[in-house]
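Multiple structures follow.
Across the two complexes that follow, chain A remains constant while its partner is chain B and subsequently chain C.
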Partner chain A sequence: MAKENYNSIYSSHRYVFIERFEKNLEYYLKDQIKRIYKLKQEILCIVYKDNLYDVLKELKNNSEFNIQSLKDISRYKSGDKVYVLISLYSAVSNFSILLKVSISPQDLEDEYDEIVKLTADFYRAAGFYRDRTDLKLKYSDATVFSQNLDGMDCFDIYLSTCEDKIKNAYIDTGICRTVSDNFYHDLNIISVIPYISRFDYRAGIFPELALCTSFEDLMQMKIPRRSQYIRMLLCELYRISNHIYFIVNISKVLGCDVIYNLALTEKERALRIIEFITGSRIVPNFIRVGGVRKNISEEDTNIVISNLPVLYKNIVKIEKMLLGNTVIAGKLKDIGVINRESALEFGLTGPNLRASGVRYDLRKNRNLLMYKKFSFITPIGKFGDCLSRVFIRFQEIYQSISIIRQILGEMPEDSFKRIISMPSFEFPFSAMTSSIECPHGDFKVFIEVKENKLLSLVIMGPSKNSLFLSEEVLRDNKLEDLNLILASLDISSGEIMHS
Partner chain B sequence: MVNTLKEIAYLCLIFGINLYICSYLNNKLIARIELRRGYVTPRIRGFTYPVLKLFKYLSKDYKLNIWEFFIFLFSFLIWSIIPITATLVIVDIDFSLIAAAFFYIMLLLLNFICASRTSYNFIFSQVAKKVGVLLTFVIPVLINIVSVILINKTLSLKAIVNFQYHFWNIVYQPLGFLIFFISILLQLKLMGISKRNTFLFTENIDKEGRGMGRAISRFSSYMILFFLIVILIILYIGGWQNIYFIRGEIIFALKFYVIFIVLLLLDKATPGLDSYKYLIGINWRFLVPISIVNLILTIAFLVLRNIYSFI
Partner chain C sequence: MSSLVKRNLSLLVVGFGCCKQEIFSTDGPLYDIQRFGINFVNVPEDADILVIQGFFNEIGEERLINLYNRMHNPKWAIAVGKCVVTNNLFCREYRLLDRLRGKIHIDVFVPGCPPRPEAFIYSVLRLLDKDQREEV
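What follows is the complex of A and B.
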């Protein structure tokens, strides 16, 4: 805990920490790792497939690294080659590492399965990335197909049940499979921004921000203060809107029509503010590399200022109606419990992780944007059940409102306009990654650039971890609570999309 | 603005009613324990006694010094950050526990300053001793608050109550609850609310003047007691958490009165501890060491659980 606090207070310490980590990697895994790149606050290692077992073993068991969580395994094509990207992180030491393994395009499926199996020896969560068709057909006796409710429209669940209890659950995300993820290949860098919002359509600003910050890190660009403040303002507005949407979903599942309608109205209010500023709700297309698309006027800030107290008052009312009701609180209590250990093991991030009692928020831990300037707390839960997760969301809405107030109070006046032409930039072959604390968790983007084109773009959304963990969580719960548990995990369908 | 005024009005109403009931209960119960009749209930004078007493104070003297005014102000300010129910809080801040502790210590110090305004050296030394002892009883309370913060990982009183829906904090901190309770009891003894005609902070007022100042001192003593009981309920026994279908507000009021009556009865059942040496002995030999042990146990639990994952 002390280390975590130290990191968050002294950000310069992070660079020292990364350098030390890099030295340790070189010392322990000199022969196994082909090359180490430092991507700002993270490390990318290119690993030979044969050495992957040793690398993973060292990373997991060596106390110098102590990396306990698997975030994602993705497969992507870069030029003629195919790579597997394994993303690992440690919430305790606040550090993440990417392992890049090359596989041959001829034996693509076999080699991928082999890598996943190797990873599964150390990280249990890796088991979900392999083909599980045999399992779901063998052990399931009931199927719940994708539903109308948002967040539950991207997967089918195969269940094996014992009376009204769930014994095992298998999640199949096949319904969310896209034809191709190569949409960005023929596009300029600037043209990718509106396309990327679809990966988190509930809070479209975060994928844009992640992509643009990774370019900024690559170019070592310094961002004007005012545009950072505008970015934070929009981020917090989207966070509020997303969390209200979460409450809408929960109240719909619970059957509280009054709260459902009230929450929808408030979501509408938050989205209208966003629409007024950006011109769009789902695809804001507002963030640009080095700044934002347009400056916000006094009229915009006045709209926010006039709507915030109403929003706050109504959210307090909704909270009182939802959680002050003994029956509703009783329904949410003790259901879908995620304990601290399994949350960390499955790489959970965001409010779901914080509800299990782990204080891990990139806004504070990594000094994201300029959040360090503001006073806010990261609320954390205790028991990790549905009620905790709902509590955390409400608390985060209040914190976001407080951050917005501070932003508007301290909004710097200085701004300058300089048009830069992104298509005229020519990069050498380089890779970069950046993480953003989106309302669901840690939204990570990995890019590879050459000349003025994106060679590869890997999206690592936090909803995937929540969805895979739900298999564990659903076990031993009642069949009737299935929707409630899944709604409480706040799954965004866009992040589950894969090719 | 209207909302805040409404909340202030609600708070004033709640405190008015509670002050009335508590001072009535106090006098009546204590009289019964002392085998007196107390105020006779069937007569109207019995019910209106607290109001009559207030008028009596007001009629005697109108003198009000600046420190008494500050005490009066702080007695109200202390309630601006403490949530009485899930929504009834005037200033909702994230570190309300720290602010509450600060206001409490400030209130004690103000009482000390107010009581030291005397021309009699003897009275000053007596009051200084009493307030000094009273301040030492804050130390175990603060140590226990640290343990509660470690368990709940938050500084917000609201959040502390919200996360007691599963188990009350008394389950994790039985020792802390015990120490807190004893500390309140001893502070009650020192403040002398249940004793007739003896006041901690008004010894000079008894001699040098009575009236409004005395009413305010009495008021502040009650506020300190109320504050301690409310903090005890919020920190350890679930605050305004619902029990089955009973509303949290009702449960909160019930808990408050149960603790208040138990404190009064215990106060009367134990001998009057006027010896400061004895009281200091209790504090430094019993309350402070046990609260430190409790803190060490809590830290050990957290270290084993969160860092080494043993438990």
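What follows is the complex of A and C.
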């Protein structure tokens, strides 16, 4: 009873906080902001282009808001108009805000550049969104083309070097401009779900979940408890598989063949459990609006229960082999250091941010799924180097295993899906956003819907921030550590794909 | 296919996408593609088979043709995944194989989105068998 009371107070506390924030916005920026929408746990502001400078200045400098991090700047089409969406968040005050600015389609490039320049005055990370092709010629001492290794195959790096040290780096993501603006225009809302899971193919359930929860929030739908539990189970299984894949990549770069093979076996074990439940390994197509596609049987839970101790035992063994070896730990230590300030400035989220000493986890900070019911620790690192990033991943695997144990112990007997007919829904023009704590960080989706069609879909993956930050991190490091630093940032190629 | 190449095949995987994860999982002890003498390499001059997979645009396509030209004869090519075999998932107008016609000869097509690791191993083994039959 006490626990239920606490939860109800806790969740309502968050809404009170958002309302207070909204009132502050109205008070300070009444003339500058055209309109404010409350999108569940975030706020969308429609801003005139001329007033953008004042708005950004107030958001950055006013202690009431204190928004220090830029997550993403994206450009999208909605009908005949073109908009720029600026996503900002503050890990300290646990809040995020979206600024929507309209630009004219005739003068598209110039106006976009102007907005990026304005944003770069307050947020240094915005500089990465402008046209920087001049740097390609400037830094041309050494060029590293997209490599065979997964996660480093979607960008080229142009370097200026001094002997074996990197002085400056420029990352060119031209090779992954493979998405057309309107791939979702002639699709039903349900048909977009399997497409979107390719945007993070290392952990395919998270984009699906982000899209479906945004629709559920839009419809203010209450989800059955059992389906929430199944969703959490799969999220944690995918988190484990992704983190093991991270270890595979790290051991491949370090040249530890034994650990590479052991970790690949464990990754297959995690993927086989997922395949047994969903029927697919990489792209599950499992989450539906209002629940999940399929109920999990007793046989499924038995498979998970029987495999978990083996998985745990083997991961402990791999950790001992990798981090217990002083030579390997020495290679990882003090390399690619990201300090707390730059991590926040560049909008880093997820394990990479936590390795730098910031305790920010959407599972705990937001009212995400039903994670509040379970006891687990958010591990944080201290030094922000490669070693802490590897260490954090191991700790998160243990936490995920403990969450899965709790989920299976408390699985409620309930329906697994709210039966709704999505094609019969006719939405008025509305916008919604939702964020999910995916293994790489905060995966955000912004949608605009009208009638039964998806007007616009903006995907803001966390790997983009890690990639942009890597330009800063690579500076003053040795050329031989380049692969290791990039592998330790856990960049998922799918998230970087853009139009 | 001469016995020397047949017992020591080298694969070069190009592109990025979901199929890559499945292709590299064959390198592990569970699927163990190395038991057939098949290895993954990074240098096109060392490679016998070019594995084309994932999402491509004009820049990637140009790079792909360059890599294929750098490979020594005899050389083969395998197209893996829906994005290569039919059209790009997120850009339906972009059909890679139509654009590569006349420049790269594809020997085996592996459909699936993404294909399973077993399907990829089977495709490489089929390529070995196919060449053996042609020699006979």
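To be clear about the criterion, the second predicted complex is superposed on the first by the 484 of 499 C-alpha atoms of A that agree within 3 Å, B and C clash if a C-alpha of one lies under 4 Å from a C-alpha of the other, contacts with A are read in each partner's own complex, and residues count from 1 in each chain.
FYI, a residue touches a chain if its C-beta (ideal position, glycine included) is under 8 Å from a C-beta of that chain, and two chains touch if they have at least 3 such contacts.
What you are looking at is a predicted structure, and each value in this text was computed from that prediction instead of being measured.
> Judging by the criteria at the top, classify the pair chain B and chain C on chain A as clash or fit.
fit
> After superposition on the shared chain, which partner residues are touched by A:K382: those of chain B (first), chain C (second), both, or neither?
A:K382: touches chain B, not chain C.
> In the combined three-chain superposition, what is the angle centred on chain A between chain B and chain C, taking C-alpha centres, to the nearest 10 degrees?
After fitting both complexes on chain A, the angle is 110 degrees.
> First (chain B), second (chain C), both or neither: which does A:E268 touch?
Touch status of A:E268: second partner only.
> Determine, under the contact definition given at the top, whether A:K372 touches first (chain B), second (chain C), both, or neither.
neither
> Contact-wise, after the overlay, does A:Y195 reach chain B, chain C, both or neither (first, second, both, neither)?
second
> Given the touch rule stated above, what does A:I175 touch, chain B (first), chain C (second), both, or neither?
second
> Give one of first, second, both or neither to describe whether A:E341 is in contact with chain B, with chain C, with both, or with none.
The first partner, chain B, only.
> Using only C-alpha atoms, work out how near chain B sits to chain C after the chain A superposition, in angstrom.
It is 25 Å, taken between the nearest C-alpha atoms.
> Which bits of chain A are touching chain C when the two form their complex?
Residues in contact with chain C: 145-148, 150, 153-154, 174-180, 183, 195, 198, 201-202, 245, 261, 264-265, 267-268, 271, 281-283, 493-494, 497.
> Using the touch definition from the top, list the residues of chain C that touch chain A in their complex.
Its residues touching chain A are 12-13, 15-18, 20-22, 24-25, 27-30, 40, 42, 55-57, 59-60, 63, 88-94, 113-114, 116.
> Per the contact definition, I'd like the list of chain B residues that touch chain A in the complex.
3, 86-87, 92, 94, 152-156, 159, 162-163, 165-166, 242, 244-245, 248, 306-307, 309
> For the complex, give me every residue of chain A touching chain B.
Residues in contact with chain B: 1, 313, 316, 319-320, 323-324, 326, 329, 333-334, 340-341, 357, 359, 376-377, 379-383, 385, 387-388, 391, 395, 398-399.
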